[in-house]
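First chain A sits with chain B, and in the next complex the same chain sits with chain C.
The block that comes next holds the complex of A and B.
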């Protein structure tokens, strides 16, 4: 399960205000945040900051799919950034996908990937780390997970962080994002499912994204899944510690 | 509000000057006897009644006009043939192998496009590239067309004309494939071409909730679509269509999208709490004032309700409990559309 372990680097781009590279579940995304900066006159909002998200795919130029991902990310990040603290400014988040997993079972097309959803958690997580690196004030952090429901002869099983192959044979695919206060911030589901299955997926995602605060020994439970909430915290703790080392 | 009569605002001015307090004042009932209503006079959970008219375009293979309130959408479906010899990396479909090959997606047999016409709403200007909204809608429609597996791809395949007569070949094919799997029949029945469906959606007028209307228009247009019966003629090496016989597409199910927006009492909701209203089928004013939207796509056949997609973003109000309420609202909306189609 080594490939499932998340990895992150913070503040490694010199020119951007904040940056992060994040790898998880086969995807690697480089994120850069600039802000608050001056905003174009026609986009300016008198009472809040404009959040602009740019997603660039691993190959080719962005198309309608990237616009959709951008609008999802934009409305999500607006909720966690304290946009009212920076009226008439722009906070720009640029996300470049560098690695995306290939499905060796099909002849892949570059331009139109099979589905938009699996990459969404990695994009959200990268954007969050880059925002933290840029020291943009946030109301909460966000944790996201992708789940696939696979039907196995009547019984349906939920797979967290499914592979490209598992996504292809799955019956439905769900992306959930929770704030650090355990509220549902984003949910995108596609495929065929019942509300009961959705409930189960929701509960699994909640367990995944919002682990009980007391369980420090979460790694000891033998779960192969990464605890992204604690991962974000420990990554930043390490970064802060190394930045303050000279004292 | 001002006390002096010269300073009293008309409701139209009030709504333009400060739309958020205006909608809030409408929703917060002044006394307990009158129920809270929206600025458009609807109840929070009340959707606009859909009207559907099909086959209005003469040159499309199928078309539909859908009207919900002041949102009017027209959708035309046009089929064009695509030769398999023109497809790079073409692999012949093999029904026995199962789900590994997704022809509709791999060969782009469904090409939806959504256009927001100039003048359908004041914020769409002429001569600009497609807006983010138009691109987002196209992507969502494209994803839903594929993930819901609405279209049966076997109806889009064009086979070589074999010895048997044309009539009922569609049904004949399937029956033959089921009962004899010999190599000879499969080679004879090689797919020579596909129908590519160009699904064009144009917003004539836009008053909120574009996705539901666009999806309903696509669904009604696909139900209305009749493709000419086509076959591959090996002598002339081209696809020929029979002028008389037209076959409808085979659709699985009747998925209907329902969108709701969440209106919060405070313009900048603080963490947790605060009063909110769920506005089903929001209009343009309401959409501009709501951050969080939920779209649920359901199909309610007799066997039981199934959900084909959920999209919820932009806020933290909707949790699992509210989601189930909205699924109920989606079911009643499904009945509205079902009635409007028939």
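The block that comes next holds the complex of A and C.
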């Protein structure tokens, strides 16, 4: 019950160069990618492409929280997009959250520190699928995971893909993103934790995001969590097969 | 085509099995779209798609459909004149991309005194003569070695349709019926419709005919084939249906 199976639709928006809708862990995000397109003179970089990320929340207009997510996504995506291939252009990634877990906005005003991190893996995954759909050259794909550390009578347990309730009672929250070559790409942590706890969280995330290359289908019974790396592969494989049906 | 029968799917950053890289005693290895060479001897895919090996030509590329048109030298494209300057026309190849330049003297029989007069919005069928990531692309409407137009030049009348890049590639194949599996145009012609078309690699198709109805039918037939992923038999059925509706 921890997480629903991830779902995705690719290239369903007509006027964008690439698009994807991705649902995972209670979130649904619609992503669109346009690029490489002409960039405004003042933003132009002479040697590489500008990556512009726009995050729009499910309700209301974006604020500080969205700007923070945009900056995290922008620096992550710049690492995997081959920005040197398209100097003086713009690659625009727009992410619209359409569904978020119910109590995300409850008491948002009260607890000022309403956390930004839980949605990050879904946003990263949507951006990746939209970039692949737009055929933007990438160095690698990326997989992300969110983990909560819950204190339990002195002993701490790590929960992968925690629910909103589990996040509320957690002591700390961690987001990790890895490339398909198992390199760490993004590391964001919130709350109180020891170095030992971080090490444990890192190891768990690594197991989650970089599953050892086993024969297919074996992982189905093993982990209760969705294997996003294989999910990306199978989604794109289906899309390519239908695009090249005439081959 | 000398391709492998089984489909090899790749994601950005995947390793390529050495057996898939063609070896030829004399010819140098040629890398097509979607691949990146990291010296000294690593080849990495940069987009998601099907890896195709051509042993005869000793080349390797990734076949995909989607994204924005990126100009490459030798491509035939349909552009729309954006504005004209003293010596150049500035031509739009796709929306929001930077304009390509088309010298006013790069037409058949053009001299300083007799040059074609193209207004804003006029369509031209042209070949990409210079494409480089650091510069805007350049076009020509004349074969520079023979001075002949070879069918290039302004497109007068008719109607422009947008199609996917993959469809444009299939229509432009030398043997579009056998290799690309598109038969709509041949079928329409066989049923007695008289029309002319021009296909641009940038995802544009221009159709002209004496009869407006024919223009609409041809455009619809190709667009439906493209969007519906129609097989050869379905295309034949569609053509019969459309022609019946017309009369």
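By our rule, the second predicted complex is superposed on the first by the 227 of 247 C-alpha atoms of A that agree within 3 Å, B and C clash if a C-alpha of one lies under 4 Å from a C-alpha of the other, contacts with A are read in each partner's own complex, and residues count from 1 in each chain.
Convention: a contact is a pair of C-beta atoms (placed from the backbone, for glycine too) under 8 Å apart; a residue touches a chain by one contact, two chains touch by 3 or more.
From a predicted model like this one, the values you see are computed outputs, not experimental measurements.
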*Could you tell me if A:86 is touching chain B, chain C, both of them or neither one (first, second, both, neither)?*
second
*When the two structures are overlaid on chain A, which partner does A:35 contact: first (chain B), second (chain C), both, or neither?*
second
_Output check: A:179 vs chain B and chain C. Expected answer is one of first, second, both, neither. What do you get?_
both
*Examine A:242 and indicate which partner it touches, taking first as chain B and second as chain C; both and neither are also allowed.*
second
*asked:* By the touch definition at the top of the document, which applies to A:162: first (chain B), second (chain C), both, or neither?
replied: neither
*So, A:70: does it touch chain B (first), chain C (second), both, or neither?*
first
*Using the touch definition from the top, say if A:232 reaches chain B (first), chain C (second), both or neither.*
second
*Could you say whether A:118 touches chain B, chain C, both of them, or neither, answering first, second, both or neither?*
neither
*For A:139, select first, second, both or neither according to whether it touches chain B, chain C, the two together, or no partner.*
both
*Residues on chain A lying within both footprints (that of chain B and that of chain C)*: 139-140, 179, 181
*Can you name the residues of chain A that touch chain C in the complex?*
11, 17-18, 34-38, 80, 82, 85-89, 132-141, 179-181, 232-233, 236-237, 239-247
*Which bits of chain A are touching chain B when the two form their complex?*
64-65, 67-68, 70-72, 75-76, 78-79, 84, 105-107, 109, 112, 114-116, 139-140, 168-169, 173, 179, 181, 183-195, 198-199, 202
*What does chain C use to touch chain A in their complex?*
7, 9, 11-14, 34, 36, 44, 46-50, 63-68, 70, 96-98, 133-134, 166, 170, 180-182, 229, 231
*Using the touch rule from the top, collect the residues of chain B that touch chain A in their complex.*
89, 91, 99-102, 105-106, 108, 132, 135-136, 138-140, 142-144, 147-149, 268, 271-272, 291, 304-316, 318-320, 323-324, 327
